[in-house]
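My questions will all concern the structure given below.
Chains: A, B and C, in written order; residue numbering restarts at 1 for each.
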Amino acid sequence: MTKEAAVAYGTVVGLEIHVQLLTVSKMFCGCAVSFGASPNTRICPVCLGLPGSLPVLNRRAVELGLRTALALECRVHPRSQFHRKNYFYPDIPKGYQISQYEYADHAPLATDGHLDISVDGQRRRIRIRRVHLEEDTGRLVHSPDQHGGSLIDYNRSGVPLMEIVTHPDLRAPAEAREFLTALRRLLQFAEVSTGRMEEGTLRCDANVSLQRPGGPFGTRTEVKNMNSIRSVERALAFEVERQRAVLARGDSVAQETRHWDERREVTFGSRSKEEAQDYRYFPEPDLVPLVVDDNWLERVGAELPELPAARRDRFITAYGLSVYDADLLTTAPSVAAFFERVVALFPQPKTVANWITGDVTAYLNDIGAGLDQLAVSPGRLASLLRLIEDGTISGRIAKEVLVEMIREDRDPAAIVEARGLTQIRDEAALSEIVEKIVADHPGPAADVRAGKKAAMGFLMGQIMKATGGRANPETATRLLRRRLGA
Amino acid sequence: MTPSGALALRAAYLERSLRPSDVVDAAIDQIARHDPNLHAFLYVGADQARAEAAVWDERYARAGSRETLPSLAGVPVAIKDNMCTRGVPTTCGSRILEGWRPPYDATVVTRLREAGAIIIGKTNLDEFAMGSSTEHSAFGPTRNPWDSSRVPGGSSGGSAAAVAAGFVPLALGSDTGGSVRLPAGFCGIVGLKPTYGRVSRYGLVAFASSLDQIGPFAGDVTDCALMLRAIAGKDPQDSTSADVPVPDYIAAIGEGAGGLRLGVPDEVVGPGVEPVVAEAVRHALDVFAAHGGQVERISLPTIEAALPAYYLIAPAEASSNLARYDGVQYGLRAPSEDLHEMYAETRRQGFGAEVKRRIMLGTYALSAGYYDAYYVKAQRVRTLVARDFEAAFRKVDVVVMPVAPTLPFAIGEKAEDPLQMYLSDIFTIPVNLAGLPGLAVPCGFARGLPIGMQLVGRPFDESTLFRAAYAYEQATPWHRRRPPVAAA
Amino acid sequence: MSQVDDRAPVEHIAHLARLALSEQERERFAEQLGRILEYCARLNELPLADVPPASHVIPITNVLRDDVATPSLDRDEVLAQAPAHQDGFFRVPRVLEGG
């Protein structure tokens, strides 16, 4: 690779994201949206596309779409229509997918919004081109044996999807990662979707091209089949490098669709004949236009849950948290909600925050879980903190109790009781122990008297060992000092 | 001869002079004897019909003379084979759906059952309702009961023939460009295309979604109104069905033609119209005038553009609606190792020439580069047609036209020339484009063959059409004439 | 309009519509479609510039359904109609090309 090629190109990325909406029933019929159901058990004439069937739009899906449009600060169009996207594939039973097309004076649900992200401390505004509604396809599974053909399950056919398309404003794979993280958080807080790529409730395709600074965007490739946010970042990094290498050789980048191979960590081009698809879009005659007036939009706005940025700001002002802590505590709605519920029971927000971002997170990291997977009740954590506050246990012991509390799902007071972990504060009892330790360790005792502070740590350690960690540190320290005249 | 109309049958049932079983048995017998010549039916569910008739026998026996039973209780009906009937074959006149038994009922079927009607069987049609003669059925044509060398009209030829031949008093058809009105006219019976949205399309196998409507065939206007009332009304499963109350169409049907303003478009008097047809319609207007109606001339300037517009819009929607016939879930599948070849072979074998032709035409009209020039342009013409009618209805209450420009033509006469065939719909198509109700009523005979006239009304004003048609019917003998088959 | 007389567009349209046509059909359709489209060309004579396309004839808007789950079809009844099925799935030949 020449030095020139290595320096010249900037990265241009746009994302096309499909979000599965949190509804009870499908987009155009009443079949239940459920996960893991036995194949073809959530089907009806409509989502099977049987002859004579007709679609009827799910109100909640529209509202979740509107909610998202508001959260992304889009312009909601007062009138929008659905269109048919016509193509043949076994997972679309009607031979067309009902979607919303953007064409001439046909506006989709919403356009022209943005989502702000933070990359390396820099705030970047990523523009949203459009938000629209459509139905999901069925699921095609390839039969394991060579002549088995392909198998189709229509449970997913007709599940409500929302498509979000960004402008090609992302300038690095890391930005795409940050954008998806921020979008997922937004969708979760808005209670629009669970937003999990691993579960398929959030899917992402990317358009990637390189650009000479000040020049036009180069030929773009579409990258598909990325199954996690990390995959997206890695796939984009690979694709950018691949395009750089192509250009450095003096070749041109082919406009094509490339698939990400997670195992081999490469993108590969489709072997199939690349023909531009002619989807023959036209307005869906079986559905009537959607009219969204100001009243409806206001109601949606009023019902919008507190969004991440607002929640984070509120944590900073109302609870006096640091930006860092507020950020951590708003990574997911479950974490933010947990924090606030604990604070409601134990109103010392900074302490609560410290414990959650500190020991709780550390424990979860150890078992490979995220904060949003915390499975302990707020009441339990609040109880634990109260036990520390009223001196029943020391902070040190509390760390042990915390782990057991989460792992065994037990009440902290019960753990303390059962394992006899109550703090020893009684001066008489502690004096006896101090006496014994000093007598057992004359050397270190002499060191302390001689002014060597490190020996204090050793002796305190012995006191803790002798008391099973239960000695109240302040009292023990005071008694030890007095005994040694230090 | 037993009473032939639905209303008359019901009266006979109530006064115990007749039982549903007698009527159903007679119908099945008539069909067995005469339908091999006509081929109106593709499927007859004799056992099921007899079982249902027995149930109604019992209910009538217990009912007494008060009318506590639903409006069509014990009345045999036929259903065009493009409406889903659960567990019963629904072929749409096509090989691609041969053997398919839907797992659900169309809304109109459910409503008919709730009204007590007994479904005798499914009737023949042009494949996927695409045609004007019922010659494009994959299972052979239906013949006109008035002259078996001639077509009964299409696409709902089977249903029209079944009623005209006296097999059943009522039948359902579907109308996208004239497919109820034209067969009604060619078979000398009453047929209605309701206002778009008046009757649910859920369960009607779609041809052109923005034009299709299900409508009743009957031997007279009152029966037609009776059947409409049983099936009309909003359906939550059809987004395009209108939330407009269904009037009691029978109540005001006898009000007479006095005070009605009837408009005749200048544009229908043209060289393509057979003189006997023009004459029959002119004579009908005299009858209206003699009974208090006021006949005026109106103009529908865009009406001639309606046909080409239709032949872009309808095939375009059809090409999309018929994409689902691919051999994947049901129906015909041509075996293949490759999926896309399976699609192409299945559709090649399963679809007839007319269907293929319209799919090709429609795909072309929607394809990249042609969408604006063809499809969108046609939709603009559609707006103009609708506006023409709107303007007309500011001056008149009913627009009167022939149903078709010709008498029923011979089987085979137009089948090879699609454009010639399409011209049969020249008076019916504009009404579908505008979404208005159109009622076909017999208005004369020539050379022993029926002539139909068409009454077109304002949206959801079927009542006025029934009223006008009833007044005309009662002043004329046409509705009492029956073809030779029926008289047997 | 005369383009439809050419072979290539008819083949392209047939492929878009997944219709395998015989040589005879291709020729016949090319001719028939050509005539029909020529007939439709008379639409170009009308003043349509300011006329909005009527994609819906009825002035209905906002027909919406409550988000409630309703019973699904019985799988056995549906699969009984399937040309091929396996383990509760519909079965089709493998897609050899990328699709």
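Operating definition for what follows: contacts are C-beta pairs under 8 Å (C-beta built on N, C-alpha and C of every residue); 3 or more make two chains touch, one makes a residue touch a chain.
Just so we're clear, the structure is a prediction, and the values are computed from it rather than from any experiment.
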Pair sharing more residue contacts (C-beta pairs) when B-C is set against A-C: B-C
Per-chain Cα centre nearest the global Cα centre, belonging to chain: C
Separation of subunit A from subunit B, taking each centre as the mean of its C-alpha atoms, in whole Å: 56
Subunit B and subunit C: spacing of chain centres that average the CA atoms, whole Å: 24
Centroid distance [mean C-alpha coordinates] between subunit C and subunit A, Å: 40
Subunit A, residues touching no fewer than two other chains: 45, 48, 56-57, 88, 90, 150, 152, 278, 280, 282, 285, 287-288
Per-residue overlap in subunit B, given as positions that touch at least 2 other chains: 100, 103-104, 210, 236, 239-240, 319, 323, 326, 328-330, 339-340, 343, 363, 367
Numbers and ranges of subunit C residues touching at least 2 other chains: 16, 18, 55-56, 58, 60, 63, 65, 73, 78, 84, 90, 92-95, 97, 99
In the complex, subunit A residues that touch subunit B: 45, 48-57, 84, 86, 88, 90, 93-96, 150, 152, 278, 280-282, 285-288
Complex interface listing, subunit B residues touching subunit C: 100-101, 103-104, 196-197, 210, 236, 239-240, 242-243, 302, 305, 308-309, 311-312, 319, 323, 326-333, 336-345, 347-348, 351, 353, 356-357, 359-361, 363-364, 367, 374, 376-384, 386, 418-419, 422, 433-435, 459
Complex contact set, residues of subunit B against subunit A: 83-84, 90, 92, 97, 100, 102-104, 106, 201-206, 208-210, 236-240, 316-317, 319-320, 322-324, 326, 328-330, 339-340, 343, 363, 366-368, 371, 375
Subunit B-touching residues of subunit C, taken from the complex the two chains share: 4, 9-10, 13-14, 16-21, 25, 29, 32-33, 35-37, 39-44, 46, 48, 51-58, 60, 63, 65, 73-74, 77-78, 81-84, 90, 92-97, 99
Residue numbers on subunit A that touch subunit C, as the complex places them: 23-25, 29-32, 38-45, 48, 56-62, 79, 81, 88-90, 140-143, 148-154, 270-273, 278, 280, 282-283, 285, 287-291
